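Before anything else, here is the set of structures, which you'll find just below.
One chain, subunit A, appears in both complexes that follow, with subunit B as partner in the first and subunit C in the second.
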Partner chain A sequence: MERIINRRDFVKTFSILAGSSVLLSGMPWIRGLQAADSDRVVRLGMIGMGSRGMLLHLILKDIPNLEISCFCDDYQPHFERAQQALGPAARGYYDYRDMLDKETIDAVVIATPLHEHAHQTIDALNAGIHVFCEKAMAKTVEDCDDMVRAWLDSGKILYIGQQRIFNIKYLKAYQMIKEGKLGPITQIRAYWHRNNDWRRPVPSPELERKINWRLYNDYSLGLMTELACHHIQIANQIYDEVPECVWGTGSINYWKDGREVFDNVNLVYKYPGGSHLIYDSLISNKHYGLEVQVQGPKGTMELENGKMWEEFPPPAPGILSLINHLEKQLFDVVPIGGASWVPDDAISRKGDWIMDKVLDDDGTRIQMESFVSDVRKNRVDPFLTKQGFYGSIATLIGHEAMINNEITYWPKGLAL
Partner chain B sequence: MFKDTVITANQKKTEAWVLLACFAGAFIFNIVGIIKFQSPAIELITQLHIVLILTVFFYILTGIFRLIYTLIRKIF
Partner chain C sequence: MKINDSVQYRNFYSMGTRIDIILPGIDDHIAESVCLQIKSELDRIEEKISHYKESSVVSYLNQKAHTEPIKTDPEIFLLINQLIGLSARTSGYFDFGLGFLSENMKHASETYHVVHDTMTTLSEIGARNIVLDHDENSVLFKSDKLKIDSGGFGKGYGLDTVKKILKALKIESAFISFGESSILALGDHPYGKSWKTGIQDIFSETSSLFVFTLANEALSVSGVNPKNKQKYGVGHIINPHKGIAIDCFRQSAVAGNNGLIAEVVSTAILCAPDESRHLIMEQFPEYRAIVIDYDQTNKPTITYTCNLNDGENY
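Our next item is the complex of A and B:
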């Protein structure tokens, strides 16, 4: 397999894929990457320099004509690590509001704990600054809605970190699905399994909630907002709809260590027309890893794997069919009474690769290049904000369904 | 230790005919497959590699039968 490592390779490969008009008309957000950029230097600030923030920094620092002029983090070890990585020219702040007040920047990248996303995004947009905010959008439906209203009022760019939208393997699969290779999609199954406690080392007990914020309800909704929202966004994109309703259940059945968020979740989302997304996630077994299985009457795709299986593959050449036929006649056991029931065994074929190229990341690098490019061109793409918004709302109602133990419907009138 | 052996022109001719017969058999096998499974006629050409593999298989098979036949004749 070849590897794609940067925007140029991505655009080149995408242009080959875009031989189909369906691909371009169905993916307007890619056009920004295809159009040439000016040399204007983009000045950027970063809010949140934890592990995700540092990863984004590693990607951003390689983008030409981009200056990371300031950063913000209120945790001293992260602040010092960021200052060292960004160099003395980058000004550091402990309060993001100070940074927004004092700095002249085009955009901010927000990679803070979930409960901080809403107010930080809204303040930045109100200050006339473009925003890239990590997923999920926010912790409540109301906060998500407020962010979208602020975005609409500002006329600025708002990206939510749903990087699979920029993963070329997913784009190719999306194209094939839209061309009807699987037939109408009748079901999507997705799962994300790990086997670890999801904890980070804490230097002193009073920092437990600050460091391990993912485990506590005041800061995060755990597996739903940190993992599930990626696959839920993909399901929305494939169905080109938002779910009508969701039901599910979750619990803490293994990591009983004082955490408040579920360590396993199981949900069923119902989409218009009666198709479903079946989702589960747990952190006490990693055997199956993560996957998104898209199923239709003509075939199945595994998007993380990048593979496809046709339900009815083209027949083998006549000579091979004849050899197989004779082999079966000679060596197969013939049932005396005749088989009245044939077991529905799983298809054992190895499947076909969706494409013979692979990204060196999951789409994050291309997503950041797209964000910077859009900032430079002042190009607002509603699709990306919409995907982040709808993906987050679906994630939040899934959590609500599990907490209240009842079918939860899409909030009435909530649309972009 | 090793002694020289001679393959006569007649033996060579026989082997060539056996090989040709094996090829003809494999080719007919391909035609039967195409008719039985309603495959496109172009497989007469595209599946020639399988026909050649089958030819070798048939040739080895006839070799085994001929060896057994020779051994039996020597014994009795």
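Our next item is the complex of A and C:
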């Protein structure tokens, strides 16, 4: 069966999902995306035109009534590439502050290295501009907190790029989980494994830290802020809580090439009620790839894979009839092999698809459409900012636990 | 899951199907332990015999046994030996060595009949082209096209295994279903004598077309139904004498002491023409059988019966 669906089918599927009361109450952004848009043109600036920025541009350029009127990047090759892609009408800047001062724009999309996120977001919000900022939110708890304070003061929109919130496969799984298909969630296991040095080619040595910023402590927290924060945000969302504490360990055990961030991390997050997120990530083996396994007494889901296994599969039709007879203490015929009987190979331990079909999109496209739509309507959605904030804080305390080699607790009083 | 104070129910997936287990007269704790043992044993068997699992003994034979005799796991060697004998006793209407044809049918059902020189292929594959060396416990396939398809015997073998476990644990009453196509019924129903098991119409959920009374017996149902025809374009069971899939709607059901034999014979009489069914059943006088055919309007008729007990009716 073809599992990738086209855009039109996707909209139909999304509309069905969006009718779910579970999703509507848990995720107000869905109602926002459903509401009719005006055709007012949104003017947008982009800050950071590296690989992620260019990918976001490819998505944004297809959104109707959106004008990317300016961009900023302080690395010349990226600047030139962006100018070529956006065309001569888009004004380019090397300093984002210049851009914010000179341009009249509704929103910015920030896709810069992690250490830049906080001040760029705060400056944009203070300038009265809506912000989409890539994950993780920032490099320190204090910076994240400053960002949300600026957001609250501004009354503007702040999205953090946690695209799995918008992934239709995750949405369906979330709906099923909230409806109790797995029972109460008792454990989540997540991992993200790759097998490469995580480096990008550097044209000359003095550019090493600028290009490979993900490998150095001044700019990034490595696997935690660049990968783990996605799955940690999902765990928070599923538990509908933030973790009480976390403990873990990390090291550089393979890529001993001068990098400063860990090439493997292992953590356990404890949530209220005693449930856990067990997380690990490494870049020296890709056999297991990436996955989020959600476990409860009734079943297991693998969210990346989009599959589900029931602990107690429903009885076959004839057996169900037998059970009904036994409950009524009746002695009757056990009917087998009837019209509703499914041939054996239709079900197996390979699991059932959470959705029959999926869109070839990890949620980024819907996320950008939702952001532009919210900007057009001036609709602030605290749910999304909270998810980005809490996901990032949990990520940062995980890093702290590994660095200090001690159990690290959720910062006291830190809440939205 | 406890159905009531006197009956336990469990289910799980194993051997590529859904296993349902009804256990009257035991408590929850014992039921859990019994079902764990059953699952563990079925998973073990699946690891050995499933041709879908790359690491199984059968898959290894399918890949290598045409190149040289392969010294084989004793359990699988004995099973293959038994299956070769059963294939001969059914005049070849049961054949577990047609995996090549069934795989091609699944992957290219539309073009299958055109692409293959079926009779030439048939002469090279099948149980009669498997050579066993009983001194060496080795298996040799005469052709690289010969592949074992465990779909035609796995559940029956599994049923017999479950029966052994229950007997060893002194469980006297049970109703076990492997995907509702292979049944083991031990002892008595909690509220009556034996287990009355009905074969239903594949086109409707009306009353059963035929009811077997099972007492410490297995029941195997084979058939071509609308769902697997829809899936493959043709039926999923291949007539070993013709090398083509059975293309009409038909069901067969066989009851008797041994699950493996019941499964083998139900497949054989499904494939065999009317005149050959009695010859096959003469080889298995302890087994009871029916065949149901469907006409152009999908109306069912029982077209063959053999050795039925008094009181078993339609």
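The definition used in the following text is that the second predicted complex is superposed on the first by the 369 of 416 C-alpha atoms of A that agree within 3 Å, B and C clash if a C-alpha of one lies under 4 Å from a C-alpha of the other, contacts with A are read in each partner's own complex, and residues count from 1 in each chain.
As a convention for this text, contacts are C-beta pairs under 8 Å (C-beta built on N, C-alpha and C of every residue); 3 or more make two chains touch, one makes a residue touch a chain.
Small disclaimer: the values here were computed from a predicted structure and weren't measured.
Peer 1: I want to verify the contact counts: of subunit B and subunit C, which reaches more residues of subunit A?
Peer 2: Of subunit B and subunit C, more residues of subunit A lie in contact with C.
Peer 1: One more residue to check, A:Asp332. First (subunit B), second (subunit C), both or neither?
Peer 2: Second partner only.
Peer 1: Tell me which partner A:Gly318 touches in the superposition: subunit B (first), subunit C (second), both or neither.
Peer 2: Both subunit B and subunit C are touched by A:Gly318.
Peer 1: Counting contacts the way the document defines them, which residues of subunit A are shared by the two interfaces, the one with subunit B and the one with subunit C?
Peer 2: On subunit A, the overlap between the subunit B and subunit C contacts is residues 315, 317-319, 322-323.
Peer 1: Give every residue of subunit C touching subunit A within the complex, in rising order.
Peer 2: Contact set of subunit C toward subunit A: 1, 3-4, 7, 9-14, 16-18, 20, 22, 155, 175, 177-181, 183, 189-192, 195-205, 208, 211, 221, 223, 225-228, 231, 236, 251, 253.
Peer 1: Quick check on the complex: what are the subunit A residues that touch subunit C?
Peer 2: 312-313, 315-319, 322-323, 326-327, 329-349
Peer 1: Can you list the residues on subunit B that touch subunit A in the complex?
Peer 2: 29-30, 32-39, 43, 46-47, 50-51, 54
Peer 1: Quick check on the complex: what are the subunit A residues that touch subunit B?
Peer 2: My answer: residues 315, 317-323, 325.
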